[in-house]
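When the chains are written out, they are named A, B, C and D in that same order, and each has its own residue count from 1.
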């Protein structure tokens, strides 16, 4: 029982990451119809916003400490962050410690700008081009973005810990009457789950309850009619792209303490995010979120020892197997609309 | 000629000439010169050019004609390779059984996957093929290790049976105690002759010419398919499936046949890869490998005959030539300039070569798709137009473009 | 016995009874029109005839054989062709290729793996298609890309693609929708000629009563999913039930 | 038709500078060449350094490349000479190899066996490389080793830790200086028993591929021999990045030690996740919960950050080793590049020197002569103390380091502290236990 609850928690946690990435992708791919292979790169850029901010906060000057030596036997140069000089050591250290949450504010404008620049500068010209061309251009862009990051940050993973306050685990089990340590879950992952839920709710509310959202939804359904009404749908689609980029970026920002970022992390998520969007059904935002959670939970259960022993390798293939079964029983995924990217 | 019209026959002749003369054409720079770095006329890369050419031609029969974007074609390449390798291990080092068996196995597997995946169209089809291929990849790399050699891959070993008689390539061990090499009735695939003219050096390699011949056969069959009623039906599938069924045509067997043919091309390519370089790694089946053939085809020109081969060549050229340029090479190239300028040039160029070859590749993808919509073939046509005096009559209605 | 016999056909979409107890008999070599107000179930009925939809109840017999449960391509092979409201053609292909495809379907059946023989070597198919293009007066457009033609030409092409198969029953879904008067008259003449010279039975859905009365020998009026009357054109004119159904919508 | 013969290539390369005029076509025949693949000309010899330059191991590859460049510099008499000064064999004198200037070509393995072989083949076929070295995974090492055997050149493995490389997949033309899974297990087990006691219950998470299997096997066998019990061993996908669903059940499984048979990104992520789940701070069976990482590298420790503090593992070499060879190498490398070398860099540097030395001692570039010179070769002064290149499986036997993540590192390189230097004798095993067959050396041509 405790194992099952634990894996449900895990599934919700994994699912929230999948859902968040798929949500941004489905705004662009499922609804604007652009096969965006650069979406993983946006997720990665978000994570590197965190790395950049944390490096900026830790900008340092060197102080020579004569009492210690470095690896070559010379006097050790110790880096002292400027923040220590400005705010004193305690406050300075606390600010650096909170780099990840602070990055949320830092990354939103940056990611929106990147998204808008991407749409205006590149994607705009590809709405009417074949999907094949969209794949080539966005894949090229993804590689370029990735290589730029690699050039400046290297290929190794960069540790970006959560603030001290979120280190450690919450004992769920004890709270609901199990033995201590039976069901524990790290604070930061709980934060991630609630963050994802809030962001998803925010995007839905935005599309559902604002005039802007209504126009965009109408434009997704029938772009030409909306344009005939004299509404500039292009500009709104640009903004949607910015929002999608910001959602992907925020997913990346908050993910950094869970998996230390490297330049390749976007590609690792690319395949799974496409699978989630399509399994959810093209053109459906709730579908993408639902599929994210379904696949997340399935993956968690498949990684249980008892199940792997029963079916070796199931943990490797469960997502793909589920995708195949879902697509064969439900032709347009879980909640897909007819006629979107079916030809 | 050969059942082709004049234009297609000319194309086939040109491609044959290119394949035949590739060892010369790809080595335009003399040995030892600074530009020799850009020579691509060595057996391994030439083999890769034609083998990936076969893979891309086959993929294009599916994607170019029917518009069905398979994102799992690498599974057939990998299956073909494993099948071929098992033939090399069990039967003989003769490449013929390996090539035949790999094509058949890939055909059988693509029949199964196609039969299921073709129930859906568009992006749903793409994801189904992707899912099958990814399953094949992860299983091959882990639980199927006894069959596939896992992540390390499958290679011939001294202990393999190779049951056929010696003159057919059988036998576990050579006289000098080594693993025999893949061969064609005694001619080893690595055997080469070298021709030196001045400082130019050309390597004529048996393996390359066998692969090149197979590519020509594959190319020829592809032309025939493009020009056949079957090819016409596949174009009809791409254009309007609804009309097709109301015209009394069953799209399913057409699609399935096309998928299987395409899968067999991939299997042939896989078998040849195993025969040229006896080692099969699971990553041959990964989605990145499936994506690579998609990119090759788009880069060269979807639905064109020669485009996929050009796309395959370009990507493999970048992967193998640009990745090998290092800082020391650059310093030699720019060494003629004053020191400060050498440093400057090296600093500017360095991010794009060696470990930065991905960056150059990404930029090239973007440049091609932005400036040459329709791929390299279209670029070639544009250049040809610039040079031809004859002005094409403008047809406002749009004459249907022949699939070139 | 008609060539097409529809008996007691019913079809339900969720809460909506789109068709109920539809009976229809189309006699060989006649033109039979199906009319009715919007939402009367005309298109649903047509879709049931060609295998796009499967009715919940009843039977559809074509030339003594049931079409129910057969897929569209099988029904076409039985001899039923369909012209759509918006022309369904192979837009990426040339006009000639568009006409050759149904020729292959007629000659080789629903699937034939002709993967190696060059298309241009199939002289019989070429001749068939060539003749058809002459018949519909499109031979000068044979190398044009189909999607680049005018709507009228596209419809003519679609008609040619159906006729070249020499169907026994041709189903037409509003063949003159959106046409100018002159084109409509041309179409009427074309269809008349087809009916008379080629022995092709036609069932036609049409809003334009001018077309209906110029062509049809029998008319079925459909309202709310059930046939109201089946009569000759003369008897339909001024039929009280029909007036009631159209509520003045008809341009009689 | 002659067989593959690239002897002329080297000569052409060397002669090109002189600018020979247009000659008539020359058809080369099998007769009249040196009898082995890519025999170098009189003035220079080309080595091929095949390292991951793209993909997740690109940083490790870059470090290997630095080491190769340094080795070439030292072989050609440049720099401070590095370990040439401490190496027990004195055959090398800074004049290249057998009087030929050492040149090199580089390539990208992408950490994929296929790409690595393509790259190595181009070095052999196009550039005339006579030795291939480098690499950062066992899959790549096994694939390239087989290629070198087939082509008739020497392969000096870079970082490869699986037993297979010199076990079931060993080849006569291939040599490994790096240690392996078996040695890790043998070195770690006693230290673990000393620190954590002999009645521990272990939970293994194992990367689902060949290296993971051999490492799990090695650690299990050696810890179980010390009295530990293995509660469970779960395989994790190689591509996994978030290990939460594998880590979550550990604490409640009855185990009190978690062994992470992961390398590279897998290890960084699983360790980070494990610490996040509070395993470091937890107690189980009345003992402190512990984590063990069988194979450590400094670059991985850097990626995992402060999570490595106090965690045991083994490593081939570390820059803080006090012996003269290690210190000399760290100094030359650090002076040139500004940071200390990684274990991957060390093994690549040493392999290059060992190859050059073997050629010099053999007096020939012929792979069979070189192999003979390396087989059974005993040396010292290259770090890790006295070392034997065992003839039976071409595996080096030397001291293995057991290390622990530092609690309070002084600087960003000072991440591991050496707990114990396990003597070579303790990790030596019988050459036949992993099966496989060396075959006979292949000079190619």
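The definition used in the following text is that a contact is a pair of C-beta atoms (placed from the backbone, for glycine too) under 8 Å apart; a residue touches a chain by one contact, two chains touch by 3 or more.
The structure displayed is predicted, hence computed values, not measured ones.
Separation of subunit B from subunit C in touch steps, taking the shortest path, is 1.
Identification of common neighbours of subunit A and subunit B yields D. Distance from the centre of subunit B peaks at C, each centre being the average of the chain's Cα atoms. Taking each chain's centre as the mean of its C-alpha atoms, subunit A lies 52 Å from subunit C. Separating the CA-averaged centres of subunit A and subunit D is a span of 35 Å. Separating the centre of subunit C from that of subunit D, both taken as means of CA atoms, is a distance of 74 Å. For the pair subunit B and subunit D, the distance between C-alpha centroids works out to 33 Å. The multi-chain contact residues of subunit A, meaning those touching 2 or more other chains, are 312-313, 316. Touching two or more other chains at once are residues 54, 58, 62, 208, 235, 237, 239 of subunit D. Chains touching one another form the pairs A-B, A-D, B-C, B-D. For subunit B in complex with subunit A, the touching residues are 63, 67, 69, 116, 119-124, 126-128, 130-132, 134-135, 138-139, 142-143, 241, 287, 291, 294-295, 297-299, 302, 351, 356, 358-359, 361-366, 368-370, 373.
Looking at the complex, you find that subunit B touches subunit D at residues 30-33, 39, 42-45, 48, 138, 141-143, 145, 150-153, 155, 157-159, 173, 176-179, 181, 187-188, 190-199, 201, 203, 206, 277-279, 281, 283-284, 319-320, 323-324, 326, 328, 354-355, 357-358. Across the complex, subunit B is touched by residues 1-6, 8-9, 12-17, 20-28, 53-54, 58, 61-62, 65, 69, 104-108, 112-115, 117-119, 121-123, 125-126, 138-139, 142-143, 146-147, 149-151, 162, 164, 169, 208-211, 213, 235, 237-239, 437, 439-440, 442 of subunit D. Contact residues of subunit A toward subunit B in the complex are 122, 125, 129-133, 135-137, 139-144, 146-148, 151, 271, 274-275, 278-279, 282, 312-313, 316-317, 320-321, 323-324, 327-328, 331-333, 341-343.
Taken in their complex, subunit D has these residues touching subunit A: 54-59, 62, 208, 232, 234-237, 239, 241-242, 244-246, 248-249, 251-252, 265, 268-269, 272-273, 276-278, 281-282, 284, 299, 302-307, 319-320, 330-331, 334-335, 339-340, 410-411, 413-414.
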